[in-house]
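You will see two complexes here that share chain A, one where it goes with chain B and one where it goes with chain C.
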Partner chain A sequence: MLDARVWFIWALTTLVAASATRSPMYIIVLLLTTMVVGGTCAAGEGRRAPLSPLRFAMVAVPLSALFNALTVHLGDTVLLHLPSWIPLVGGAITLEAVTFGALNGLTLTVIFAAFSVFNQVTPVRDLIKLTPRAFHEGGVVLSIALTFIPQTTRSLQRIREAQAVRGHRVRGIRDWLPIVVPLLVSGLERAMGLAEAMVARGYGAVTSQKQPVRTQALIIVGLLTLLAGWLAYLFNAAWRAPAVAVIAAGAAAIGLAIWLTGRGVHHTVYRARSWTFGDSFALLGCAVTLAAAWRGRAALYYSPYPALTLPSFDPLMGMALLGLLVPAIVTVAREDAEMHRHRDGDQDHDSSSHQ
Partner chain B sequence: MRKLISGAIYLLSGTLGVLAFIYPFFTSGAALAQHGAAHAQDAPLLTAGLVGLSVVALLVELQGRALSAKTVAMLGVLVAVTSVLRFLEVAFPMPGGFSPIFGPIIIAGYVFGGRFGFLMGTFTLLASGLVTGGIGPWLPYQMFTAGWAGLSAGWLGGASRWLREEFAGPALAKEEPRITPNVSHTDVIVLCGFGFVWGLLYGAIMNIYFWPFAVGPAAQTWEPGIGLGETLARYGVFYVVTSLAWDLARAAGNVVLLLALAKPMIKALHRFRRRFHFQVRGSHADLAEMESHA
Partner chain C sequence: MERYTTEAQPCPEQFSPRSSSITIENLGYSYPGTQKPALSEVCLNVADGEFVLVAGPSGAGKSTLLRCLNGLVPHFTGGRISGNLSVAGHNPLEEGPQILSQVVGFVFQDPEAQFVVDRVEDEIAFALENAAIPPAEMRLRVEEVLHLMGLANLRDRRVETLSGGEKQKVAIAAALALRPQILALDEPTSQLDPQSAEDVLQALVRLNQDLGLTVLLAEHRLERVLPYVDRLIYLSEDDHSACSGPPRDVLSQVDLNPPLVALGKALDWNPLPLTIKEGRRFASRASRPDSRSQTGGLRKTPRTTTSRDGRGNTKSRPSRFAIHDLHFAYNGKPILQGIDLEMEPGELVALMGRNGSGKTTLLKCVVGLLKPKHGGIRMDDDSLVGKETAEISRQVGYLPQDPGDLLFADTVGEELAVTLRNHDLLEAPPVPPDDLLSRLDLEKLKAAYPRDLSAGQRQRVALGAITVTRPHLLLLDEPTRGLDYEAKRELIRLLREWQEEGTSILLVTHDVELVAQAADRVALLSQGEIIADAPPELLTTSPLFAPQIARLFPGTGWLTVDDALDGLVENGKTPEA
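And then the complex of A and B:
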């Protein structure tokens, strides 16, 4: 299993690469890569995506093609004409517009598939661990919420059953009242008990209740700097480079405030996860794809307008996009190694029992 | 002094967030036009970064003041209850953009104040995103917008309490103190109106984050260099064509939900608000004293 941070960077890299192209060749490479990674890495995970990428594509591609065809009347290959008196959609329906819409739908499918894989392969506890120390209390709130969700779901079921026994049937929105209010009250009772237990165990007893003025001042300076840089960036083209530097300085000030806030929070883990060679290898794969997508923006570009043409395909770019396949390679290699280890262990066991 | 500093952070973060969302509406286009298409592509990416930074800054300020155990527990449980409602939304697709999560966020903000409302909005979207597999590039925008809904509901609650004390002060003083306050029809109507507005506003704000990237007919898409009036007109057409019907379902759903749930939920939350007012006295000072004696 790869580190949650590596999976996050992998999903972001797929997002960047997919957003940079509309060429069907590269989109298909990305889609296949994502599906292979999903099939290899997410197959053994218990979490299922609420909607499979295939189903998403079946809705997104035709809808996007239809919307683009009805609203964009560009392109040379006219399929049919809608009467021009129909507002917005009236005009020529072109093959180019249909193609571009379908490609947009495919791009959305790639992004959706990548984040589906991310959601499936990353355990929730690892995602919470990604929370910076400054947001320690936010992490506690999130942990409580995620722990209480199964309990709340069971409560909802119990309350529904209890009300059904009393002859209550849900027909309209008002009928939810005898279910939602007891659910809320029982949840708040649990919150009361939890708060008392937390106070009894000294939660927050040794923490100052006030944010230091120094940190607050730093946040204000950071926000003011960001605002100034952003306005300069938008309104004066000559100041663009200094404006980006000012924005970076503002971001650094906010980063410093986060670091100062998190400095006082001590974080311990029961079983620390160590960084592996597989993590570095997967990160390297993402870096290769990102660098190629950044440097080869011209190669990735494709537009079906004004007349549909065959998209070009650069094999080197295609290879670079395969950098996103590394998590699947790492997973297969690990499974292979584990299988060999088990087999060797079984053989040792057999030979010792024979002796 | 601290209130002033906190207010300044709220204001700056809000201004930055709003400007980042609506920058296509107020740029004169002169600067953008000079740099052409490349600059036009950079601006939305920079905007995404700015939205992220402003939500982070606001979160540091809001939860940096060491949330009490009571707030942490109540927030966690309310987020869990609201996330279960989002399960229902995923399991049984509802009409248009209707989502049952906005009603509880608005009511919690209304009762417990803006800070609680903002945290409730952001954490509800985050927790439910984690459990329903809804993590994606859209999540920070959803968190920020839902946070704003909760924050402004807190201001609405504050304004409503102030108005009641200001205009019905003597009458209230004569009344017997009550465990749960009277929730008038006016309160419910105001909340319904608020829910309706946020139903539309949520969609309109969420559209803006991708609208500058959108490809479509010239009458509906943003281009660098067009003025404020033209931008508003094009966004209006885009919104009416692509989102209004969807968002109306959300707005109407909010109204129906608040009409049915606002009164009993406000009463229940008020009752627990009073019960949560227990205090552990001198814990910090006592510990310091004990340490000095040791």
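And then the complex of A and C:
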């Protein structure tokens, strides 16, 4: 298991790399990488993904291709003409527009796959820890929402069955009422129950509710500074360098305010996970991919317009994208080591019992 | 929240605040928006390290009393409270639940509804993290409670993959992690099957005996806990006052009768036996039929005359229900393997077996919620396999484990109307809804909001919603879960009436006392196969399932208090103490 922060950076890197390219070769490399990582790291126990990436692609790719074909009328290879009096969709439907739309759908699939891996491999508690201390309560709310999802799915199933045995059939939208009402009511009842349980376990007992005036003032000053810097940056090219400094100062003030608020939130962390070599290795992988994506922007670029061409593939860039595969390598290596340890342990046990 | 004072009345119990961990003086409370008190003039004294059972009918104020101990009432609920309360030197009314969480650990009825995070270990640590306990100490405490509750193997598991009993143990562990002096549990076993319930109760007994933890437990199934209890608090439904003392004394005064106690009272056994072991002394003295000469160990007369009388009526609606060679598999794993079961009209068959033996699956196959792999399900000559659930449900009423899932309408009367409308029967209902409501003892609640009712009333509304089409077959899944003795008696009365009208009833249950009182036949399911199908006397031979009376009089074939009383009279040995 990697650190939740590393997973977050991994998902972001995949997002950046996928957004930087429309070349089908690289997108497929990224998609395969994400699926391999998902297969090795998110297998077994974990939150189940709400939707598999393949199913997502089955919807996203055709929809995106259709949308792009109907709205973008560029490209040389005309497939058919829609009458031009139809607003927006009228005009030439081109192979290039279809291709570009499909590639957009694939990119979305990669991003979706990466974040569903992140969602599956990160335990809820680590998600709470990802949030800054000042937003600890927000993190708890998020985690509760996440644990509520599977519970709600289960009660939806139960309620559908219960209504069916009363002769209820779902034919139209109105027929969902007898299912949605009990679902909402039971959800509210559960929420009240949970709130009560959390109070009974002392939740909210030691969070100092007093927000000192100076932290509040600091946030306001920070926001104003940030805004001023941003306006200066926009309106006068000559002020750009000092404006960046002003923006940085504003951001620092807000950061300080958050840190000060966080100090007021008293809570400790159970079994803080220690940083491992695997974490560093995975981070390094992400860094390699990011650096390559930045330096090789031109290689990643691909556009089917005006006429469809065969995309180029730079093997070095392909290798660099494989930096995202590191989490899978780390996991496999760790499992391997554990298996060996078990086997060695068994052998030790055997040899000692033979003596 | 609001406090009001009443004129102090002398409490009947002697107070010795130093030795007692809980002292309650003239406690009264009403929920916001109601005039009727939920608790009234409650006076109690609980000593350190006592195991206290809080009993009483649904709605008598058991949950409210427990919630007063940690200040959830009135801080979380609002409402008006009066009187004085001291819990381990704290005043919950002043200090509130957050501070009291360090003193009183609280466990709720529904294990699912109290979890914040998804892993066992994280869940236990959650309260500690919020209390800002230093990490090193936190480590120690989590380890401690994991071992205490026998959860060490499950530490990395996700909460949703655990069984009900395991979940409830995690909830207890999470409460214990804050090292409270008192543990309060609000019907923690009411959602569990008997094996899991037993497990949880044993864990509580261990905590009480080994660690000296004061335990207050609200619970319906007294027969299970009475042997371990030091003090019984009985809350009455009428005046919401409390009666407290050693269990034997309280039981002899109140209407709270597990089978053994009921028999003891009827036969004037003194001191009242609380355990089978204590009861056996009286039983052997009272009398015992010569099993061989009398009945050969098994009773030959029909158990309930009422259910058999019903056969006369059945000619008008003869419905024979039969399952033949039924197979069902889930993800390739066989769940039901060749089930054969036949039921006569008006017969009540209890389907028993361990968790996961396929009982609920069988019911769902019958009502069409699951599609069997192959096999037949017939009602007379009519095959039910392949039909839509909505269609089957007109002839077959199915009550799921949680009757709350069925209820969504604004009033009790509307619940019945919805079912009729679904079946296009609103104009010509097979049973007049008002008659059904009065039979269910709900006529006064016709305009009430169903989800506000007590567990027993809610279940009766759900029963109304599924029987208003007058089904020939009723399928009930764990109908006595969470019901008090009175609600259980009421349910048995209803079942008998339906049987008399020729309705067959297939009942999935773990409740041996219910089976002893109501069943004509018992089918035992194991690993998807019916391994026994016999009269309820089958129960007497199985140590797993024997009801209290059968264990008290082994070899007689008696199952219920009535059996025993009749049997003793028949033997000419009128019960004398």
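Everything below uses one rule, namely that the second predicted complex is superposed on the first by the 265 of 355 C-alpha atoms of A that agree within 3 Å, B and C clash if a C-alpha of one lies under 4 Å from a C-alpha of the other, contacts with A are read in each partner's own complex, and residues count from 1 in each chain.
The rule we apply is simple: contacts are C-beta pairs under 8 Å (C-beta built on N, C-alpha and C of every residue); 3 or more make two chains touch, one makes a residue touch a chain.
Just so it is clear, the structure is predicted and the values come from calculations on it, not from any experiment.
Of the two partners chain B and chain C, more chain A residues are in touch with B.
In the superposition on chain A, A:P62 makes contact with neither chain B nor chain C.
By the touch criterion defined above, A:Q163 reaches chain C but does not reach chain B. After overlaying the two complexes on the shared chain, residue contacts for A:L194 are found with chain B and with chain C alike.
By the touch criterion defined above, A:V124 reaches both chain B and chain C. Contacts of A:T268 after superposition: chain C is touched, whereas chain B is not reached.
In the superposition on chain A, contact of A:G318 is made with neither chain B nor chain C.
In the superposition on chain A, contact of A:L226 is made with chain B only, not with chain C. With the contact threshold set out at the top, residues 47, 124, 140, 143-144, 146-147, 151, 181, 185, 190, 194-196, 198-199, 202-206 of chain A are in contact with chain B in one structure and with chain C in the other. Of all residues in chain B, only 1-2, 5-6, 8-9, 12-13, 15-16, 19-20, 23, 27-28, 30-32, 34-35, 39, 43, 46, 49-50, 53-54, 56-57, 59-61, 63-70, 72-81, 83-84, 87, 90, 119, 123, 126-127, 130-137, 215-217, 219-220, 237, 241-242, 256-257, 260-261, 264-265, 268-269, 272, 275-276, 278, 280, 283-284, 287 touch chain A in the complex they form. Those residues of chain C that touch chain A in the shared complex are 70, 72, 75-76, 97-99, 101-102, 106, 108, 110, 112-119, 121-122, 125-135, 138-139, 142, 157-161, 174-175, 178, 364, 367, 369, 388-391, 393-394, 397-398, 400, 402, 404-408, 418-419, 422-423, 451, 465-466, 469.
Taken in their complex, chain A has these residues touching chain B: 15, 47, 49-50, 67-68, 71-73, 88, 100, 104, 111-112, 115-116, 118-120, 124, 127, 134-135, 137-138, 140-149, 151-153, 156, 173-174, 176-177, 180-181, 183-185, 187-188, 190-192, 194-196, 198-199, 202-211, 213, 215-217, 219-220, 222-224, 226-227, 230-231, 233-237, 240, 247, 250-251, 254, 257-258, 261.
By the touch criterion stated above, chain A contacts chain C in their complex at residues 45, 47, 123-125, 128, 140, 143-144, 146-147, 150-151, 155, 158-159, 161-169, 178, 181-182, 185-186, 189-190, 193-206, 266-272.
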